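The structure appears below as structure tokens.
A, B, C and D label the chains in the order they appear, each numbered from 1.
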Amino acid sequence: MSLEKLYFKNDYSEGAATEILQGFLSTQLEQNTGYGTDKYCKSAEEKIRKATGIEDAQVKFICGGTQTNQLVISTMLQPFEGVIGAQTAHIAAHEAGAIEYSGHKVLTLPQHDGKIDPKELVDLIETFWNDESHEHMVYPGMVYVSHPTELGTLYTKAELEAIANVCKNYSLPLYLDGARLGYGLMSEGSDLDLKTIAKLCDVFYIGGTKVGALCGEAVVFTRNNMPKCFVAQIKQHGALMAKGWVTGMQFDILFTDDLYLKLSKNAIDMAKLLKEGFVKKGYKLHVDSPTNQQFIVVSNEQLEKLREKAVFEVWERLDKERAVIRFVTSWATKRETVEKLIEVI
Amino acid sequence: MSLEKLYFKNDYSEGAATEILQGFLSTQLEQNTGYGTDKYCKSAEEKIRKATGIEDAQVKFICGGTQTNQLVISTMLQPFEGVIGAQTAHIAAHEAGAIEYSGHKVLTLPQHDGKIDPKELVDLIETFWNDESHEHMVYPGMVYVSHPTELGTLYTKAELEAIANVCKNYSLPLYLDGARLGYGLMSEGSDLDLKTIAKLCDVFYIGGTKVGALCGEAVVFTRNNMPKCFVAQIKQHGALMAKGWVTGMQFDILFTDDLYLKLSKNAIDMAKLLKEGFVKKGYKLHVDSPTNQQFIVVSNEQLEKLREKAVFEVWERLDKERAVIRFVTSWATKRETVEKLIEVI
Amino acid sequence: MSLEKLYFKNDYSEGAATEILQGFLSTQLEQNTGYGTDKYCKSAEEKIRKATGIEDAQVKFICGGTQTNQLVISTMLQPFEGVIGAQTAHIAAHEAGAIEYSGHKVLTLPQHDGKIDPKELVDLIETFWNDESHEHMVYPGMVYVSHPTELGTLYTKAELEAIANVCKNYSLPLYLDGARLGYGLMSEGSDLDLKTIAKLCDVFYIGGTKVGALCGEAVVFTRNNMPKCFVAQIKQHGALMAKGWVTGMQFDILFTDDLYLKLSKNAIDMAKLLKEGFVKKGYKLHVDSPTNQQFIVVSNEQLEKLREKAVFEVWERLDKERAVIRFVTSWATKRETVEKLIEVI
Amino acid sequence: MSLEKLYFKNDYSEGAATEILQGFLSTQLEQNTGYGTDKYCKSAEEKIRKATGIEDAQVKFICGGTQTNQLVISTMLQPFEGVIGAQTAHIAAHEAGAIEYSGHKVLTLPQHDGKIDPKELVDLIETFWNDESHEHMVYPGMVYVSHPTELGTLYTKAELEAIANVCKNYSLPLYLDGARLGYGLMSEGSDLDLKTIAKLCDVFYIGGTKVGALCGEAVVFTRNNMPKCFVAQIKQHGALMAKGWVTGMQFDILFTDDLYLKLSKNAIDMAKLLKEGFVKKGYKLHVDSPTNQQFIVVSNEQLEKLREKAVFEVWERLDKERAVIRFVTSWATKRETVEKLIEVI
């Protein structure tokens, strides 16, 4: 039923890119070694090393985003350390306490359109170290940013550099959650390319699930800093896939002929069309998002009307009269669907 | 290179059944709701309820086996309880401490061809309760069996009933790890069918990864005993797939027209052929396995020769002269490959 | 050296009340059973049941406050739940992540002179339940208050009732951290007595370490709601003392002839004297604390001068020019020390 | 009632040595800084450094034994590592899963009168490293021995050296649980003195609770290898005492004028007397223990008779006819009590 409505609920509602499905078909009866030791993983790792410009980058493939966050954060932190992130950070707000489950606190900073501020970051760290009782507090052990953020916004190169400098000064690893990284990379006007991100971050992941894969995220350690016995730790978290090549092959295909970027571009183009449509029709944007998530302010009346036509998420209530709703495009969104939406809003 | 050899290393080396790959292709651009709320999950759950004969069974799909074990065990146990299993149990031996990572001890029993003995189980439980200091010990909180076991063997109906009775007497949930369940169900002479298993166990999982799926296991709670807020707990473990339908759809297809059993049957037929071949050639079996894992005793010389022809796993060293090696067939194993193997051994 | 200065750093700097030390002496060679099964624990439990007016209250003695918080919170919460507390709550700010170590998130509310507001509490809970994605969030599972708070302030009876009502409405246990409970009970003008606290809270602890004991806190479960196999869980946390009677006997003595209250009264009297002295000399109070912790606003110059005379803690910096400092009195503080302080400030 | 019987249940039934109680009395109103930063801790650390012969040993005081074991083991292990110990090791058998609660597996070896065998230790480690799948297993990360063992036995110098050599060869820290260390040091004929233990072990603890203290254990890191930010980690475990000097002062006194050894000697002398008495009367020893725990084999009839005269623990049932019972002497055991016991058995 809901499928008859125009569907913009998220970017993980469709299957996988054609090339990926063809890949599974054409290799169906090949026999690969297990647990990520296969040739597809190796090839994908190599392509990612090239794309990121980090020759000795260490790359591992994990099935999903929360799993990846829990794994990376808990294996890179010392037991007494926490991870710093925005109040709106996925790890702080929408992972059901997966970081705390692994024993670590999320130390939150105010969010500014989903982003953290380097000065506030310095303040938090300095306040900790200047506190005489800091041995009774959680040590700042890592900085987490998401790019695009949970609000669809992007860090500029200068902003990420500023954060990376703080991290360097205080010897804190910088971790970038790229669940929707492709959409950030293809956003018009963004000056943060993959190589710059790889250069600035100590670890980050390239999201597959939301960018055309069936499932899978590629974690990249850029400083020869993959945690010791990382495969055992992946296994210990229940995150080591027997058919590791299922994720490896998908990334091998996504990083062939720029497929990852091409898929991302479609979402960006469609989001731009959608955003312009809403603006033209007089809607107010909640945040000026340059990526595939668009946040629109609507009155209760508008909300009800839109619900008859489309499927989307109510992001938050602003007050009794108004809500923020979220429309998401994806690698698979069709132009005609967006155009139809704009017609009827 | 190794692909030119005859490959019997495991049952997760090939891709997925044709029907599954076709399923992904034919639904590529459908838009499904996330996190397992989609129609494919619902349909698969319904089919599994039917196949297991438990009308109100609660079914969830998880990406992999270790994840499933950690999740089920840690969410069903009280914090002060441990899980009882054989010394050879996967959770005791080959999951990198995933159960302990979740805070729980694995209480081990001797293994008898991979199986636990109901009397020894009673002994362990009684010894605990009779110990005046049992508040200083780990409480037995659950019983774990694998079927087929890690050694390819199967419980008989009488054996599983005996264990289930012990569990009932002591109010301990019985959990069956069915990573290779299909191969157990199709083994000639086994008197344990799916409905009986569902009736005897409080929770079990039906393995997909090793039986023709790309990835995925179906957890079945049979007593309306799914842990509270289980979806939140799956998320907390990092195990909730955004594209939940990726696993749901695979089980929907596996449980259509008995595909799951048909795929399993091939592995069993091929294993039988392989086993007979080895026996005819004078090899000694380490365990008399009626399923798709065959354990052969070889001298060092035989080992070296076989390595030139085939790919398999060295299971353990018996002594300086002899080792046990493992050959595994799968849903995808071809008759000609087995025949060729028998020729050259 | 610092001992020659006037010492107001905290309320755990002196030893134990004379009666307690005499108790240890007079029972030195008695042979008691271990792990809290002795007669002193039993007697203390009985006296606490009487003092709290809860006939079937369940009482256990734990060595320290953070241990107690971790133990109570983690054993009463479901794995997917967090505990709600003020941003200034000890568990949120100064326990080095002990709650997160046990796998649970601390969900923070704004603090108002160290206290939480029942309306904001309702908001947090309602926002959670109204969020369509709440299965991806940490469930509110318990409410934590400290009384006196970390800022020395006290809840009124009406305030605690309001919070208890919210807890009741949402079926959340209310937990009161009474590390300094005695000082709250003896504060002039407080309308919250021990029986009312016991009636309103599902669990709380009566602090001994900071109120005249060598070490020890008494946890009181008021609704027959002690977690299952609690002794085993205390042991599992490493918190079960072999010589359980060391803490039990101390509480037995503290709850004989109102010793606990008498010790507390001294600290309150001395704090009042000290507070009045500071105010008379023109100092500004940071918070109007009716208990044994007094927070004074000082200029940098004042800070340096005071440091020559007294030992206290710098609580926080207000700005470049001003800091908040904390003076603490205890059961052992002498009138002459306070008078000498007032003379020299 | 049971107090009228002759009491040999354990070595933590009496209070503390006179010198310790006097220490508390004479310093009652001194004001010490908190959390182990006081002069008594410093003095005790210094005395322990001297007694152990390790000039730069790092010493910390913890309230109890299980707490100490959980803390030391979990902070020294990597997340993917387990600790190796005998099946009878306290951490394996009688700590209610405290090690697993901290996320780590206890890897067990056969016990030989409570001790582990260096060859079996090598086997376990070699088997791990030679296993092709060891990334799916728990890494051996530490070796745990208790001295005296849970069966009262002692390692010889040669035995501990052999184990220490294995540890060195495989870069595994060796941890010695000295809950009853004093009784080991004073056992006649033992060639393992404190300095040798300190030299051979990477970390160990000197038990106070069972050797005359009210509570407290002293952890000694001998290789400048105290885990990073250890105080914060103690706090995070809920194990940092506000009045740290309560334990520090006790060890300061125990390590003055050899009090620790003198107290221990009494238990050894009384145990010898008791053992000889049982043997003379024709009882069979279960283990030949040279320390303060004596294990006697009794028939059911003997058991019932002894129960009328004395309090002791039933250690285990050997068969339907016979049990092993444990008699324990302590620093406080009186000669006349032992003599009376021997009379009546």
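As a convention for this text, a contact is a pair of C-beta atoms (placed from the backbone, for glycine too) under 8 Å apart; a residue touches a chain by one contact, two chains touch by 3 or more.
Bear in mind the structure is a predicted one, so any value in this text is a computation, not a measurement.
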item: Listed pair (A-D, B-D or A-C) duplicating the B-C contact set, over half by residue number; value: A-D
item: Furthest chain, CA centroid comparison against chain A; value: D
item: Centre-to-centre distance between chain C and chain A (centres being mean Cα positions), rounded to whole Å; value: 42
item: Interchain centroid distance [CA atoms averaged], chain A/chain B, Å; value: 33
item: Length of the line joining the C-alpha centres of chain A and chain D, rounded to whole Å; value: 50
item: Contacts with two or more other chains, residues of chain A listed in rising order; value: 79-80, 95-97, 101, 103, 135-137, 232-233, 235-236, 240
item: Chain B residues within the chain D interface of the complex; value: 79-80, 82, 93-97, 100-101, 103-106, 132-133, 135-138, 313-314
item: In the complex, chain D residues that touch chain A; value: 35, 74-75, 78-80, 103, 135-137, 139, 228-229, 231-233, 235-236
item: Chain B residues touching chain A - in the complex, by the definition given at the top; value: 2-3, 7, 9-10, 12-16, 18, 21, 24-25, 27-34, 63-71, 95-98, 101, 209-210, 214-215, 232-233, 235-243, 246, 332
